[in-house]
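The two complexes that follow have chain A in common; it is paired with chain B in the first and with chain C in the second.
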Partner chain A sequence: MTRSLFARNPSVLVFLACLGLFTLGVTALSEALGTGMISTSFVKTLGKTLSLSLIALAMDLVWGYTGILSLGHFAFFGLGGYMIGMWLMYERTRDIVVTSMANADIPPTPQEITDAIGNQIFGVVGGSDFPLIWAFSHSLALQLILVVAVPGLLALVFGWLAFRSRVTGVYLSILTQAMTLALALYLFQNDSGLRGNNGLSGLQNLPGLDDVPQSVVSLWFFWASALALGLGYLFAAWVVSGKFGSVLRGIRDDEARVRFLGYSVEGYKLFIFTVTAVISGIAGALYYPQAGIINPAEIAPIASIYLAVWVAIGGRGRLYGAVIGAAFVSLVSTWFTGGQVPSIPLGFYTIDWVDWWQVVLGLSFVLVTLFAPKGIGGLFDYFTGRKPPNRHGKDLGPGSGSLKEQEAEA
Partner chain B sequence: MRHFLSLLCAATLLALTLPAQAGPTQDLLQEHAALINKASRKTIQPAIDALAASGLPSAQTVLQKWQNKDMWLRKEDGLFFWAEEITGKTFRLYDFDTAAPVGDFDKAALKQLKPNSGVRAMIGAALVQFQLSDPDPARRLAALTAIQRDAEPSHLAPLRASIAGESDPAIKARKQQLLTLLTIRFATDTPTRVAAIQSIATDISLDTRAALNSLLTSKIVFNPPDSANTGARITPGDPGLSVEAAFDLMVAAGVAAPLPTPDQRRAVLSENIAGGKVGGIPLARLNSQPARDRAYAALNPDWSPNMTKATVVADQPFFQVFAEPSKEVTDAARDALKSIETRVALNQALDLALDGISLASIFFLAAIGLAITFGVMGVINMAHGEFIMMGAYTGYVVQQFVPNYTVSILIALPLAFLVTFAAGVAMERLVIRHLYNRPLETLLATFGISIALQQIAKNIFGTQARPLTAPAWLDGAWILNDVVSISYIRIAIFALALIFLCVFLFIMKRTRLGLETRAVTQNPRMAASMGINPDRVNMLTFGLGSGIAGIAGVAIGLFAKVTSELGSDYIVQSFMTVVVGGVGNIWGTLAGAAMIGFLQKGIEWMNPSNTLAAQTYMIIFIIIFIQFRPRGIIALKGRAAGD
Partner chain C sequence: MSTLLEVSGVSVSFDGFKAINNLSFQIGSAEMRAIIGPNGAGKTTFMDIITGKTKPDEGRVIWGEKSVSLLKMSEARIARAGVGRKFQRPTVFEDQSVFDNLLLALRKDRNPFAVLLYKRNAPDTEKVHDLAAQIGLSDQLERKSGELSHGQKQWLEIGMLLAQEPRLLLVDEPAAGMTPEEREHTTAILVEAARTRAVVVVEHDMEFVRRLNCRVTVLHEGAVLAEGSLDHVTSNKHVIDVYLGR
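== the complex of A and B ==
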């Protein structure tokens, strides 16, 4: 127990070094501060990828380490985005409104300014009054607190309800999916106060910083995302190492045994569920200013399932696996769906990757689940020489606990 | 000159002698000849009334011919006839009284009467009394509909007269209902109207409610005269009357002077800027409302910020005033409407229950396949929704080849079963077999299949919705009354859900496959020891569940749009249905579907404008429900419950 975190987990240092080198490299090649080999939009894509890696990290904590397949973490991600988006939209609209009102011969009253901002923001859904949930939108500090507090509280309440009644396994997955669906449907309404399916837009413009070009702003966000990912990785590594991490893995492998050993399984689960929700919210708050727009479709259950896909392809149960999976799959997806991959003419039919990428992704996901449950991260085991016992062979019986053929002979 | 005199003489003679030889209809027409010749909407009423009230057997013919522009005037003697074209120039005239041909005449000797559309409408109204006793029931019904659409006080008498001779009971009932409605609207003495209102206090039809509501039309009046039929007193700020509207009423009545709005005051301020100051206050300090008020008060001494619309309208007499002058009538109408509304509410509850049953059947259909694969086998299949979609697309493809909708549906149902059965078996063999006992992996792998299938469907059929048309005999609705109705297609889906329930019960309880399935589910090793091949049983059971999803897809496609996202719209609700109902029990699935269906309809009823909110609240309710019954409505007990 005297050895430091890094000594016990050399992979953390390797990862942080890689992340640092990557950040420096991108900065050196960026338009704003470097040679300009990487376009601003690609810097944004990379920054978004880093934010997605951060939520993948959270997913890995909750699924790969604790065995809770949550299909709701993208809801927390979206909530974080909405919270920061409210401030960005309010402040930017206020700037515009104040500038346009400054020309009037009589200075505007605070009430007039608020009304004009309300008209600008909610005119699109046929309203002009500020709903209650926008009460703090004038303050960056308060909204930043909400980025953490809203997903955290939702996760806390939902998790408490779910874990208390011992909802586990696929039931919990379906329940979290239902929660995500309910939230998305709620936000789709115009009177939800968050502009219905229009969502919040224009988030890429930082209020008060109109003079700073987007190339610089995108780099700032890229750095912030990298920093958040680095800190998140450190935190996750600290959480899963030591006794706490052992209990988490114990819950994943056999919940009942851990409970009989006297641990409060529900408490551990609730903690990890809430903490990962907070991390997801932070990741969302970094992602959406780079994406520029957020709408309820982002929260739809399918997004959370993709998150599980990334983690599974990257390799769950190891932190760098989740990061690699999210980065790899989302970048490859961008590449394929961006229409940059040449189509394959088959004579009778042309395979257009924009259309067929989803099919490939779905099927490769099936293949990974069947044949490579360790995902891409499993490749590292070849280098480090870690090999699992060879358990391949026929089941001796159809029950779940039955020995495999080779094991029985040994 | 002499010629002229003799002509005049002859004409007078002719005019004097003609009535003697013509029949009574012609006499009547001649009596109103001037009006008829120069028919105008303003003057023609007496002539039409005289004809309609004459009781002559030919009166209807006259009106009809007149309306159809078939009535002609013979120029030489001014008599009216109806004419039939023989050739382009020659017309054969017929006498109205005898219906006998009078002779063929050249067009130049005749003048066609062309009543304008206004006059024709008035003739039509007069014709109503004849149509009401027409021997053809269809025309009697058409006349009733015409009256209903455009009722007039004059219809009252002919309608009442026609009831006694009515032979068709259905038309008679309609006539009586219409007579009551007309009596309410047009009768002159109040007791008759009140009696008529009371007689329909049990009728929930839309017409009755519309008639009563129109009696109760009212507007809000400031300080109404004593003679007005006033209802409740209204306080400004109540939902019916905003403060602004109340103030406008007072301004219109000349009691209050209009107050400037903040915007108007601001405009006045900006007009009166003098040397960087308004009313003695520097411009820079005008950024708050109190400062602006002071500046405006300095400019307009009779204005003060305390004069608000709310203080002006407070305690002023605003009353609801009915357009109907008689208080007895409005009171009776209000009472009748109240008793009708109770009945309407009951019927709406019935209608809501029917809607709930139909939605529950849809959920049940979507979930019953899942009840087999998830409920019985414990395999979580996220691609279940895509099997529903495959079934719907199978129906669509069949309709491309078989144009007859009835036949195509009959082909599509078994074909959809076969297609999805094959898909289910293939999936079980290739993927799920390797993942038994790893439910989370199964969930993810089947989800991968789900997105692949969805995209393949999108690539083949495109993103736009494809029609799956129901046969004509499923169009329309079963209408119980104006409130309660249900479309045939929903009844068919209910029937289909019932059939599936029976099929499921039969297979599970009465067949070898069902026995083996239950055995394998409960204890695979023991079942294997008894000679059951668990692989084969699992494969067949999974195929069966998938096949049922395909059939459900055809049924759902009949009323929903067939798109590649059809399945994902239902998958979460389907899982909810199974989980809420209780896994492993078909009655639980039924109870779950009923609960979710009724709940969703109930929430929609409370907030009808917003189905999205209904779904949100329903899901939240389900999440809370799971807290109290984590194993569903009907939970398996004992060893069957597993873990």
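== the complex of A and C ==
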């Protein structure tokens, strides 16, 4: 009875097909390769949205399936962004420095070049020496390894400490918030080595590819984000569909019971926490080159809370729900905060959506949690005929992250 | 007959209340034992101690031929060592099908990486089907276990216990919520299991205990009050006073 992944999860194929069509459609309408109906900046927005969907997928694995309400995954996302940003910034600055020094009478020594790069990068924070953490920034390959290694290691150490002491529920959420806050505060310092609150900038420019217009670069990143999301979705579907997924959902609903079956709950939590941190790092490494800039404000505690809100609005415990939630909310958010939505003059007060959007988002989160716990993903249940079990309002287990009656499938 | 589990001089107190008081207990590797006692006697707490859920304040819990102490081991390791448990309140994974519940319990490598790469195969599927037949849930395999009746959940949990192939089965009130025929069936399964394993059954129902036809340990206020055949303990004056006489 070894049924294939797709036979067990027809939604995976549907999702991949939709993603493929979407990618083709955007390409066909792009400025670089198509009709130009979609502006380059909007291609970037869409590419960023796909990367956000990828981290939402990670969040769904860790929260929706395992019941660990991590409010710190944006820290891993940001770290991924910083790791790729270091290479982008270093290489590009080196290009500029080398070009400008090429005209000098005496050819510059390697030391002079390094000093000049350091000056360029760290001038804003009053330094010029390369901090130790930039040791690998000259190498794309090494920095790419760091994109997965740094978030992965942080998650491994943090998770090991937290899960080993059996921190669960609200306390774990608070601990993850503390982690992301501590990281943000550290990065805000000028001597953190990552340019303090200036962050890393100019990341949209690919070193050595000055001739390639942004319209093309934006498409490359859009494709890469789509590919990563597709692969991430496949991986997540594979993880949750088999026996491993069974253990994860068991942990979510009743972790003590899983222990008495002989599974080391801590090991499984650590595994999924670390793997999702790595996925988040990759998502961040795709996001920030499209955003062009990364600074410590990106990993403020609130960012990770938004992530949970997206997944809740999309519908946790189902992979497409997380993707839809992230895509929908972040696009709507771009629209509202972009100033394109006309303000509503009330005479005595003008509702300016840039400010009021947060309120709308907060309100919809409350409403969704109260009245539609299945989120947007629940809309699909009308078509597929999926019904919740009738449990007279009882959750599916004693775990703090266990599914509610309405979220589950009968 | 070799001793599989030896509990000696164990005490536990919750906020000063002694739930288990200098309790000693032994069971052989192929033996059935019934534990009876009034509500609050400490029967469930006793199982909590063996399975690692509750750490005793003092005493020893020694396991197996190598005489290892269970006190330093985590719940999961104790379970892997061969202690299986059925809870008083049926606890199954309600969001998952009967099949998945049984598959989860099936004795297999519990390492995350092994589980991640696990592929469902014919022998395992067959084992699950056999178990389902044994517990009368063959036609319910694809159903979410949350939808089962109380009695069916009890069965499923017994099935999960058997699937683990433990060396020691701790069964807390298995017959609650079952019809007389189902009780008989449960008795048969437990008696069969006790031919090759150690089985500890906590039960209030005297008829059920009588049918198990085994040694009986009476717990009272966290300590052993009497031990022996059912007739022996039921004729004990102390037992009549605290338990049967009420």
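Simple rule for what comes next: the second predicted complex is superposed on the first by the 387 of 410 C-alpha atoms of A that agree within 3 Å, B and C clash if a C-alpha of one lies under 4 Å from a C-alpha of the other, contacts with A are read in each partner's own complex, and residues count from 1 in each chain.
Everything that follows uses one rule, which is that a residue touches a chain if its C-beta (ideal position, glycine included) is under 8 Å from a C-beta of that chain, and two chains touch if they have at least 3 such contacts.
It should be emphasised that the depicted structure is a prediction, and the values quoted were computed from it without experimental measurement.
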Is the number of chain A residues in contact higher for chain B or for chain C?
B
Tell me which partner A:346 touches in the superposition: chain B (first), chain C (second), both or neither.
neither
Counting only touches as set out at the top, which of chain B and chain C does A:102 meet: first, second, both, neither?
neither
Chain B versus chain C as contact partner of A:265, first or second or both or neither:
second
Partner chain(s) touched by A:132 [first = chain B, second = chain C, both, neither]:
neither
Would you check which partner chain A:158 touches, where first means chain B only, second means chain C only, and both and neither mean what they say?
first
Looking at A:141 after the superposition, I want to know if it touches chain B, chain C, both of them or none. Which is it: first, second, both, neither?
neither
Look at A:181 in the shared chain and tell me whether it touches chain B only, chain C only, both, or neither; answer first, second, both or neither.
first
If I apply the document's touch criterion, which positions on chain A are contacted by chain B in one structure and by chain C in the other?
397
Chain C contacts chain A in the complex at 51, 53, 74-77, 79-80, 84-85, 87, 91-96, 100, 103-105, 110-112, 115-116, 118-122, 125, 144, 146-147, 160, 164
Could you list, by residue number, the parts of chain A that touch chain B in their complex?
67, 69, 104-111, 158, 161-162, 164-167, 169-171, 173-175, 177-179, 181-183, 185-186, 188-189, 191, 301-302, 305, 308-309, 312, 355-356, 358-359, 361-366, 369-370, 373, 397-400, 402
Residues of chain B touching chain A in the complex:
266, 269-270, 273, 278, 283-284, 286-289, 292, 380, 431, 434-437, 439-441, 443-445, 447-456, 458-459, 524-525, 528, 534, 568, 572, 575-576, 579, 610, 612-613, 615-616, 619-620, 622-624, 626-628, 630
Could you pull out which chain A residues touch chain C in their complex?
1-2, 239, 242-244, 246-247, 249-250, 253-254, 256-257, 259-265, 267-268, 271, 389, 391, 396-397, 403, 408-410
